[in-house]
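In the two complexes that follow, chain A is the common piece, with chain B as its partner first and chain C second.
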Partner chain A sequence: MTPDQTAGKAAASDQVAPDPPATAPATVTTKAGTRHAWQLSSRSLAVAGVALLIAVVGLFPLVFTNPTVTNIGVITLIFVAVASAWNTFSGFSGYLSLGHAVFYGTGAYFLAVAARDWNLNGAAVFWLLPLAGVVTAVVAVPVGLVALRVRRQTFVVVTIAYFFIAQLSASNLTVTGGSSGLLLPVPNWAPETFNNPFYYVAMILAAGTVALSVLIRRSVFGLQLRAIRDDEDRAAGLGVRAMPVKLSALVLSAFITGMAGALWVYFIGQAVPQFVFDPLFDLAVVLMAFFGGLGTVAGPVLGALILEPTQFYLNLQYTNNYESEILFGALFLVVILFLPRGVLPTAGEWVTSGRIRRLRDGWLTRRARRTANRPAPPATGNLS
Partner chain B sequence: MTGTLRVDGVSKSFGGLQALADCSLTASAGRITGLIGPNGSGKTTLFNAITGYERIDAGQVYLDEQRITGASPQRVFALGVGRTFQLTRIFPRLTVLENMLVPANRGRPARERREHAMDLLAFTGIAGHAGALAGTLSYGQRKLLELAYVLVADPAVVLLDEPAGGVNPSLIHHIADRIRELNSAGRTFLIVEHNMEFVMGLCHQVTVLDSGTVVASGPPEVIRADPRVLDAYLGTETAND
Partner chain C sequence: MASEISQAIAAGILGGGVYALMAAGLTLIFGVLDIINVAQGIFVVLGAYLSYVLSVHLHLDLLLGLLITVPAMFVIGVVIYWLFIRPLRGAERTSMTLLACFAVALIIEGVLYREFGSNYVSLNAWYTTGSVHLFDFYLADIYLIGFGLAVVAMAALYLILYRTKFGRAVRATMQNQVAARLIGIDVTRVSAVTFGIGTAVTAIGGMVYGAISGGFTPNSGYDLISRLLAIVILAGLGSIGGALVAAIFMTTAEALVDVWQPSWAVVVFYLAIVIILTFRPAGLFGHRAVRAQ
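Presenting the complex of A and B:
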């Protein structure tokens, strides 16, 4: 007899689990119907919310035409893509990378060199983005094969080492233009709408990355990544091939990060080592994911949408730069201290605990009423 | 019948400590074999050696006639040997149902895998918790979850490391009943356990380890009466009976 056959015979004790009865009464059908309707309405709400968000983001540069504002929009959308891509690997697997700037920079330098050598300009340069992603993904394979041989904290240190190797290489190699870097072609577009093509390409990249993140989160591959995050050895003992799973996630993440880096460098028009391989880049991406909710799909998106414009705003308000950095650092501390799991998971916990508190308070009130209405016990005489 | 696990002359040392010394035992197909011994006798090390979590210094491990010595944990699992751990190792941030879907079980459509997972959760009695985070389960429920997800890939041999350890008495009976049902379907069990009542009531064969070496092996009633076993392990318990 297989477990499937014996399943119906299994009778759990009260201490094990209060499983529902085998035959469902009419009231259960009603509850199930209500639950189904609720799931439908919540799904419809989610679809409507996503459609609204896409419409708002799509119309944004048409409504806010100021180049400073659309400039913030382009960079924010690039960071939405990068933070989501980073989270797809690090958030899901628990392997925190502080070396994604290597992939960002690889994509950026590839585009700068390819556009120069192949004499590309204007919208044609955008066609190099997928190729930049592929080149970065190829670079990520040996990087991952070495870095993923170690676990967790050691992995973080290895990624930092990779970062410095990449930065020093870019500063000294001829192909990257050494410390003076490379200039990119400037598209001959109207100044008032110059940012718009970048904006829409960034929007497609961001939307594609978030959609990919959703697919991975719901797939067996995503489940295996999250199992690795919780207990890698146990996952291996259940048949999960940890190394190929981790490496695939890293390569996929690098592919997107490389495309984002390529788009960014074309937008700013110059590839200089200290900006292309910027240590603050990795900190910003990690902060975005932590701020919104590490390992969630919406968290890094929320983090990028809030933190990137905030950073721009602070930079504009405090032009001496260091004050804005101090404020940004203080914000990071506040997030880590008060929202260690990020905004979305903490908000979810607050909602749940609020519901539980209301249930408990209601039950306590009803119990107090029952006690008050109960007749007093008969007198038993003087016990003294 | 398939599912015979054979350990042949396995040795393992950690620095100067000899955890297993020329250890040999057989868990016959379709039987429940108990593995007992005092703390530090090498029971869990033997489990780790069989399932690929520890590399052994000498000896061989066979599943039926196939040598699985030195195979990785995922390879051992794929070949049909599942195990649980002394301290439960579940995935606390996944839901109970997601835990059930982690074991590699390719070739089945997603809907069928979920149905199979729910059947197994119902079988172990925790289907009502399918949507809960596994980290919120009680210790006993975690033991049941671990047993359930080991069964997902339908292994021929199941190694249980202290399934009754730290579990309340009613749940111990529940676990024993589930093991008997699975065994009656032909599945082989090798069980490490300190609860003598549990072992003697459940197992067809009992092997006793002491200082990494097998000191006795036989049916429970023979093991109970074996003076070497009484010396090594059961003396106090028998005196209390």
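Presenting the complex of A and C:
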């Protein structure tokens, strides 16, 4: 740019400048005002939305008393917890785990063995859930110490290997009852409301997990995780101690997944290796998080709320396992190819790009009006 | 006991050849495309079922059938690459393609269940039951044939990679994709053909696997892919020669444990991964960080 042009530009902006001050302060204040009000209302809207959601979820089994429906409700809430827990590690850190079934199964088998050995029954078994979580978290420490040493692509494969080790161990060890599995005590609750205790425990677990997810996302810890996701070397260079951060996230995620697995196994009443360690479980959880939006708080919740009932419906619709398998795979492909960042972020992008387009169009029309009113200086034409 | 052990070692080495071939396809795909093709296991099963269809319905000899199944698997590989892998771009590409491969595997598994059911089938020919007595060993014919096929295919792979212009393009793409693009290599075409070659070897692997495993179902894909992944991780992702060594090492170790504890034999595979990665995160023959993340 030559000095002449710079001068021209300065002159041009000088010429343009008198126009905005007349209107700018007013628009700025109104803009700031509306934005402020909008923020307030969005926050109160969010609070109201969450309260409404809790009320709806809480009242759900009292309105829909059909055991088939509440059954779906229980499993869906368990998956809300698992998908959120998976997301707090994998979604935030970028290390995709295809081995969360290991943690799910560890919690499940712990509960099955503990309930049998300690002769627990009824609601007392629920008190074992935190313990199951702790045991799973302890198991996750050595698992993470080895698996998190490798690069991201290899990590996925190592988690798959863990999955197969766990599955084989469960079918070969005597403590897990081998391939015939373990039976759990059946509480003697009334059949019509049998699912309700499970439902409310699952609801507490899901709500707690989502709350934890929100807290982590807003904390320094969550920021460190996302820094690792974006560029691990740079994060390490900026002082993030990557290994402890990744490991804590994995252990925390395993803790919740273990509790969810324990609750699930008590609900379905038996622990059999091929159901406790199911490769489709891992895929289902990953798909839920991807579908809703990887790394967001609401995404996995939305994914679980939509996909788990859908899967039940498909299983009811198609008694053949392979048809739901094909559909599941196809759905996964569609999500990956067309909504790679999930429903929520993609929708958010549409909204944002729409807003940007409107702003730009408005600015263009305003500029067009302005340039129409007065002959444009040649330099502005070059610069625009 | 001693004869059992030497027998196990012989079977392990011969069986390892076939796993080496399948793992070579997997590691080649990773080296060029940065994709962990978790569908490789189900591709092998698909190849086995293709051989099964040809031999049962068309009464075609298994070895002759390879002339059809190998090109067929090549085409399937290229089509899958073109439809589902090529469109994926961006920072999370490796993870996304892995999930896409998993989804493809699920669909193929579902289709196979639909077509063939969940009953065990096995591949039979006049050479699948006999065995030869060599020195002190009884070696099943099919193990020898499988090993021979694997050697031929690996040699062909080697010639393609190191003696042709296309192979040079593949190796250039492995080393640096951007630079390869800059010197005029059509990286997309190289990737598609590589994916096809990596898939085509599963036709051979599937034929041999179907004959030596004593029966397979669509579900066998999980067992296969976990072994193959163990082999390539042990070898270090992207190392073809390493895959050969690791495959023979693993199958021999498994065959040895099988002598004492049959139900735990497979665990050897996964324990090996955990132990190796604890001490050498890049695998036995891998380089640290082949490509920056």
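Here is the rule we use: the second predicted complex is superposed on the first by the 324 of 384 C-alpha atoms of A that agree within 3 Å, B and C clash if a C-alpha of one lies under 4 Å from a C-alpha of the other, contacts with A are read in each partner's own complex, and residues count from 1 in each chain.
Quick note on the criterion: contacts are C-beta pairs under 8 Å (C-beta built on N, C-alpha and C of every residue); 3 or more make two chains touch, one makes a residue touch a chain.
Everything quoted here is computed from the prediction, not taken from an experiment.
**Q** Which holds for A:223: it touches chain B only (first), chain C only (second), both, or neither?
**A** It touches chain B, and chain C stays clear.
**Q** Considering only the touch criterion stated at the top, classify A:239 as touching first (chain B), second (chain C), both, or neither.
**A** first
**Q** Regarding the shared-chain residue A:279, is it in contact with chain B (first), chain C (second), both, or neither?
**A** Only chain C; A:279 stays clear of chain B.
**Q** Name the residues of chain A shared by its contacts with chain B and its contacts with chain C.
**A** On chain A, the residues that contact chain B in one structure and chain C in the other are 231, 233.
**Q** Spell out the residues on chain C that touch chain A in their complex, using ranges where they run on.
**A** 30, 34, 36, 38, 84, 87-88, 90, 92, 94-96, 98-100, 102-107, 109-111, 113-114, 222, 225-226, 229-230, 232-233, 237, 263-264, 266-267, 269-271, 273-274, 277-278, 281-282, 289, 292-293
**Q** Given the complex with chain C, which residues does chain A contribute to the contact?
**A** 94, 96, 98, 146-147, 149-154, 156-158, 160-162, 164-165, 168-169, 172, 231-233, 279-280, 283, 286, 290, 320-323, 325-326, 328-330, 332-333, 336-337, 340
**Q** What residues of chain B sit close enough to touch chain A in their complex?
**A** 51-53, 72-74, 76-78, 82-83, 85, 89-94, 98, 101-105, 110, 116, 119-120, 122-129, 140-141, 144, 149-151, 153, 168, 170-171, 174, 178, 181-182, 184-185
**Q** Using the touch definition up top, name the residues of chain A that touch chain B in the complex.
**A** 1-4, 6-13, 15-20, 220, 223-224, 226-227, 229-231, 233-242, 295
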